[in-house]
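Structure below; questions to follow.
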Amino acid sequence: MAEQDCPICGQANPEKSETCQKCGANLYWAEIEPGEVISPLANKSPQEQDEARILPGIEDSLPAVPAAFTEPSAPVHPYRLMVSETQKNYVALLEKMTHPDQIQPADLQAAAVRKPRYLLLVWGILLVGILSFSLFWDELQVGIPPIPAEVLAVNRSISKIPAGAPVLVAVDFQPAYTAEMEMASEAVIDQLVAQGTNLVFMSTIPTGFWQAEHLIQKIKADRDLVESAPVNPNYYNLGFISGGALGLANFVNEPYQFIEAQLPTESSASTAGQSASLGNVTSINDFSVIFVLTEDPDTARDWLEQVQPHLRRTPLMMILSAQAEPMVRPYLEMQPAKIQGMLVGIAGGVQYESLSNQVQTARENWTASVLGNILGGLVLGVALTAFLVFQRWNPPAAPAAKEKKP
Amino acid sequence: MTQADWIGAILGLCLTLGVFSYLLGDNRVFRLVIHIFIGVTAAYVLAGSWYSVIFPQLVQPFLSGQDFWNPLALAGIVFTVMLFSKLFPRTSWFGVPVMGLLVGVGAATAIGGAVIGTVFSQVAASIRLFDFLKINTWNAQVWVALVDASLILVGTLVTLFYFQFYIRKQPGSQGSVTGWMKTLRLVGQGFIAVTLGAIFAGVYSAAVAALVGRLATFKEFFTLLFHP
Amino acid sequence: MKQVWRTIAVILAISAGILVLLGYFFDLSAWGLDSVRQVILRWALILAAVALWVGAGNLVRVHWRKMVSRQDGGGYSLVTLASLALTLVVIVVSGPNGKMSQWVFNHVQIPVETSLLALLAIVLIYASIRVMRRRLNPFAIALFLTVIILLLGATNWMGMEASKFSMLREWILAVPVTAGARGVLLGIALGTIATGVRILVGFERPYEE
Amino acid sequence: MSFIELNRVGIAGLLFVLAFAAGFLSLLGSGKKLSRDRLRTIPAFSRLEKALYQATEGGKCIHISPGRGGLFNLPGAATLAGLRFLKGIYLSAGLSDRPPIVSSGEPFVDILSTEAVEEIQRAHDARHIPGEPASQLTGLTPFSFAGGALSAVAGQDVTANVFAGHFGSEIGLMIDAADPSGAQVFASSENFAAQAVLSATVEDPILGEELFSAGAYLQGEPDVLASMLIEDIARWSLALVILGGIVLRYLGVI
C-alpha cells in the first residue's frame, strides 16, 4: 500500500489517512507533486521562456514582466495549492539572494568589467594624423565650393551699410563652437569693422559677453598679422539677455530699455564696452542689419519666431554652424523668405573670404576640414558595406516560429 | 606674443591634451581637467548673469532708490528670495508659488511657440509650396518644382503619421502595426532617417571643424616657437 | 500653511499661464492687460538669471558635501570649488571686461570646451560603427547612407568639377530633409501642446512639494 | 477694438488650444477606459522595463538625466516630458536598495527633479540614502553638464542610463561614456541635433513626439493616454487642413 510522508515531520503515513499519525499535521499538502502547477510560461518555446526571464540563462529567475503586468489573458492559477508559481520563484530567488556567491548572472557580471577600446584610439590617431598632415602641408589644397546666392546677398547687404550705422550682432554660440563660428564669421565682421559701422553685440548665452570680446580681439590680431591698416573697432557689448526666447521677445518690444540698463553709469561696473552712439536706436528696425551667429537650430528658430515677425526693412542674416543648416535652410527657401542671407560653417567662411579677399582664416583650415569630412564618410561607408555583406552571409537567427495559441 | 600669451598658449595646449587623454580611457588627468572646467564655466555664468541682468535690472534700481517703492519691483525681490529658498529642503516649500508661476509661464510660452511658431507656420509653408499660377507656363523648371513640392508634402504627412500612437489591434499581434498603416510608417521612417542623417553629418562636420581649430592652434604655437 | 501656499502656486500657475498665452494670440493692450503681461515676462527673465545662482548654489553644496565627507571623487570636488572661487575673484577684481577675465576665458574655457567638441568627432564615428555592428535595420541603413552622401558631397574633391555628390547633397537638403523635419516638428509641437495644456488645466503640477 | 478686428491667426490659435483642452478634459471626464495595450509597440520602452527589473533585482542602479531645457518654449516642454520619464522610472526602480542617480544641466530642471524625487520618496516610502542629494546639477553650460555627468554615466553600479529631455550634440559624449562598462542606453530628445546623434549611436532611439509618451508606456497614466489620443486626432486634422489648403489654393481661393 503506498504511503505518504508528512511534509512537516517526514513521518510515513498510510495513503488514505488525512492527518499525520505523529504530529497531527494535515496531509492535504502532500498530494501536490512538483511541476504539476501550470506556469504562465508553460506553453512557450524554450527560447521564448529564456528570453522572457529577467536574467536569461538563469533557470529560476523571474519572468521579465511579472504576472501583474502581463497581457491581460486569463490568469493561470494552480488548481489546488494556493501558492502561485511566481511566488514560488520569489521564494527560491530570496533563498539564492542570501547566498550572493550563487547569483552571478552573466549580463550583470559583464557590467563590472571595463573593456579597453583600442579601435577608438586607432581611429582617433588616424583622424588627427591626417588633419595635422594636411594643415602642415600647404601645397595640398581643395577647391573652393561655388558661391551660392545667399552668400552673395550677405555681401550685397553689407556693402550698402553707411559708416556709423548701427548693426546688431547676436553672438549666440557656445564656446565649444568658437573655432567653426569664428572661421565662418570673421570675414563678415572684419568687413563691417573696416566700413566703420557701429557694432552692437548681444547674446542669449551667459558666456556671450566674453565670446564677443574674443571675436573682436581675433580680428584685431589677424589685422596686425597681415600689417593691414589697423582699425579701432567701434563696438558696444550689451552682454547677456536671459530667458532665451522670452528674453528676445522682451528685447524686441523695448530694445532701448535693455540698452539703457547696460549704459555705463558712474557707479556701475556693468559690462559696457567701448561706447558707440546708440541714442538713435529706439526700435528693432533702427538697426541696419541683424546678424545671428549660432550653432543651435532652436536658437535660430527663436530669432525667426520672436524677432523676424517684427522686422519691416531690416534684413535678418544668419551665420550658422554646419549642424544647424538642415533645420534653418527651409526658412531661407520659403516664399516669402524669412532670412535674407546665410553663411554655413567653414564653407561659408571660405566663400565669403573669396569675395572680400581680406581675411584668410577659413581658407587656411578649409582643406583639413574637407579631408576630415571625407575621411569620416569613407570610414562609415566601408563599415556599412562590411556589415551589410557580413549580414548577407550570416543572416541573424530567424525568431522561433510562433506556436498557435490553443 | 606677450609673456601672458605664451603662458596662456601652453596652458591651453596642456588642457587640450588632458581632454584628449579620454581616448586612452577614463583617467585622472581627464577628470581633473573636466572638474577645473566645470568650476571656471560656473564662474563665467554667474558673472555673466550678475553683470548683464541681476545687477542692472534688479539690484541697481533699488540702490538708486528708483524702484524702492515700486510694488512690482518689490514682488521681483520677494520671488528672488522664494527661489533661493529652494536651495535647502527645510525651506523649499516657501518657493512653491514662484515655481508655480514660472512653470505656468513656461507652459504658456511652449504652447504659444508651438501653435503660432511651429504648427501654423509649418502648415502655411506646406500649403504655399504649391504655386499653381505658374503651371500654365509649361516651363520644365516649374514641373520639377511641382514634383519636389509633392514629394515634400507626401514626406511631411507620412512623417507625421509615423508617430501615430493608437492602432487598431489585430488579435494575437504584439502591438505591431499591420496593413496600409505599416507601409505609411515605413516610408515615414525613411524620411526621418534621411533628415536625422543630414543633421548628423552637420554635427560631425562641426566637430571636425573644432578638431581642425585645435590642431591649427598647435600648428600656430609650434611655428612661433621654432620660427619666432 | 503649506496647503495654502500650494493653492496659491496653482492659482499663480494657471492665471499667469493663461494671460501669457493670450498675449500670443491677441494684442492685450486693448484691455490694459499687456502691461501686466510684460511685468510677468520681466519677472520670468530676471528669475531665469537668478536661477543660475541657485543652480550654482546646488553645485557648490553637492561638491562641498563630497569633499567634506571624503567620498569617492572628493579631491575633484575641491578642484571644482577652487577653480570656481579663483575665477570669480579674477573677474570681480579685474572687472568683466578686464584683461585677466578675458585671459582665463581665452586660455581655459575655450580650449577645454573646443577640445570636448573635437573629441566628439572621434567618438561619433566609433559609436556609429558600434551601432552598425549591433543593429542594421532599414532605418539605420538609410540614416548612414545619408550621412555618407552628405559628408562626401561636402565639396568638389581636389578641384574636380562639382561632384555628383554635392548636387545630390543639395537636393537631399532641399526636399526629403525639409519634409522629414517638418513632419517631426509638427509631431513635437503636438506633444508640446498636450504637455502645456495639462499644466494650464491644473492636471499636472510638477512644482508642488 | 471689436471682436472681428482681432487678428484671424490669433482666433485660430486660441480655438486650436481650446479644442485640444476640451478634448482632453472631456476624454478624462467621460471615464472611457484607455489602456496602453491599444498603443503601438515602441521597442525601447519594452527594453527599458526589462532593464528596470534587472537593476532592481540585481541590486544595481539607473542613471537618469532630464537634460538642460529650462522651463520656456519647446525645451521647457521637453523638460516636463523628461520629468514624466523620471517619475515613471523612479516608481519602478526607486524601491531597490540602490535608488537611481539623477543629473541635470539647468537650475530649474534640477529644482523640479529634486521635488519629483522627494515626492516619490515620501509617497512610496522609497529608500533614501541620508545626505545624498535627490538630484545633482553637474554643470551650468552644455559641455560642462556633459563633462560632469560622465562620472555618473560610467558609474561602477550603473547598468542603464536614461537621457530624456532637452540636450544638444553633447549627448554624444554621455552616450559614449556608457560603452566601456556595457551599460544600456535609452535616449530621447526634442532637439534635432541631439536626435541625430542618439539615432546614430543608440540601438533603439526614442524619436521626436515619442518623448512625450513615457507616462503612458511606463506607468499607463490616464492623462497621458488621453493626451496621446487627442494628439492622434489633431494629427489627422492637420493633414486634412494642409490638403484642404492646397485644394483651395488650386481653386484660387487663397
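Letters A, B, C and D mark the chains as written, and numbering starts fresh at 1 in each.
Methods note: a residue touches a chain if its C-beta (ideal position, glycine included) is under 8 Å from a C-beta of that chain, and two chains touch if they have at least 3 such contacts.
No experiment lies behind these values; they were computed from the predicted model shown.
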By mean C-alpha coordinates, which chain is most distant from chain A? D
Chain A to chain D: how many Å between their CA centres? 14
When the centre of a chain is set as the mean of its C-alpha atoms, what distance in Å lies between chain A and chain B? 8
Note the residues in chain C that touch 2 or more other chains, in rising order. 21, 24-25, 41-42, 44-46, 48-49, 51-52, 54, 56, 58-59, 61, 73, 96, 101, 105-106, 109-110, 113-114, 116-117, 119-126, 128, 139-140, 143-145, 147, 150-151, 154, 173-174, 177-178, 181-182, 184, 186-190, 192-193, 195-197, 199-200, 206-209
Can you list the chain B residues in contact with two or more other chains? 20, 23, 25, 31, 34-35, 37-38, 41-42, 44-45, 49, 51-53, 57, 86, 92, 99, 102-103, 105, 107, 109-116, 118-119, 123, 125-126, 128, 153, 156-157, 160, 163, 192-193, 195-208, 210-211, 213-214
Could you list which residues of chain D touch at least two other chains? 9, 13, 16-17, 37, 70-74, 77, 80, 108, 111-112, 115, 118, 138-141, 143-144, 147, 151, 169-170, 172, 179-180, 192-193, 195-197, 199-200, 207-209, 213, 228, 231, 235, 238
Please classify the inter-chain touch graph. Allowed labels: line, ring, star, complete, other. complete
In the complex, the residues of chain B that touch chain C are 4, 7-9, 11-13, 15-16, 19-20, 22-23, 31-47, 49-54, 57-58, 72, 75-76, 79-80, 83-84, 86-87, 92-94, 96-105, 107-116, 118-119, 122-123, 125-126, 148, 151-160, 162-163, 186, 188-208, 210-211, 213-214, 217
Would you pull the chain B residues touching chain D in the complex into a rising list? 25-26, 31, 34-35, 37-38, 41-42, 45, 86, 89, 92, 95, 99, 102-103, 105-107, 109-116, 118-120, 123, 126-128, 130, 132, 153, 156-157, 160-161, 163-167, 169, 174-177, 192-193, 195-200, 202-203, 206-207
Which part of chain D faces chain C closely enough to touch in the complex? 1, 6-7, 9-11, 13-14, 16-17, 20-21, 24-25, 28, 70-72, 74, 77, 80-81, 83, 106-108, 110-112, 115-116, 118-119, 131, 133, 136-141, 143-144, 146-147, 151, 169-170, 172-173, 175-176, 179, 190, 192, 195, 197, 199-204, 207-209, 211-213, 223, 227-228, 230-231, 234-235, 238
Show which residues of chain B lie in contact with chain A when the two form their complex. 20, 23-25, 41, 44-45, 48-49, 51-53, 55-57, 60, 63-64, 105, 109, 113, 116-117, 121, 125, 128, 131, 172, 195, 198-199, 201-206, 208-216, 218-219
Within the complex, chain D is touched by chain C residues 21-22, 24-27, 30, 44, 48, 51-52, 54-56, 58-59, 61-62, 65, 69, 73, 113, 116-117, 119-120, 123-124, 126-128, 130-131, 134-135, 139-140, 143-144, 147, 181, 184, 186-201, 203-204, 206-209
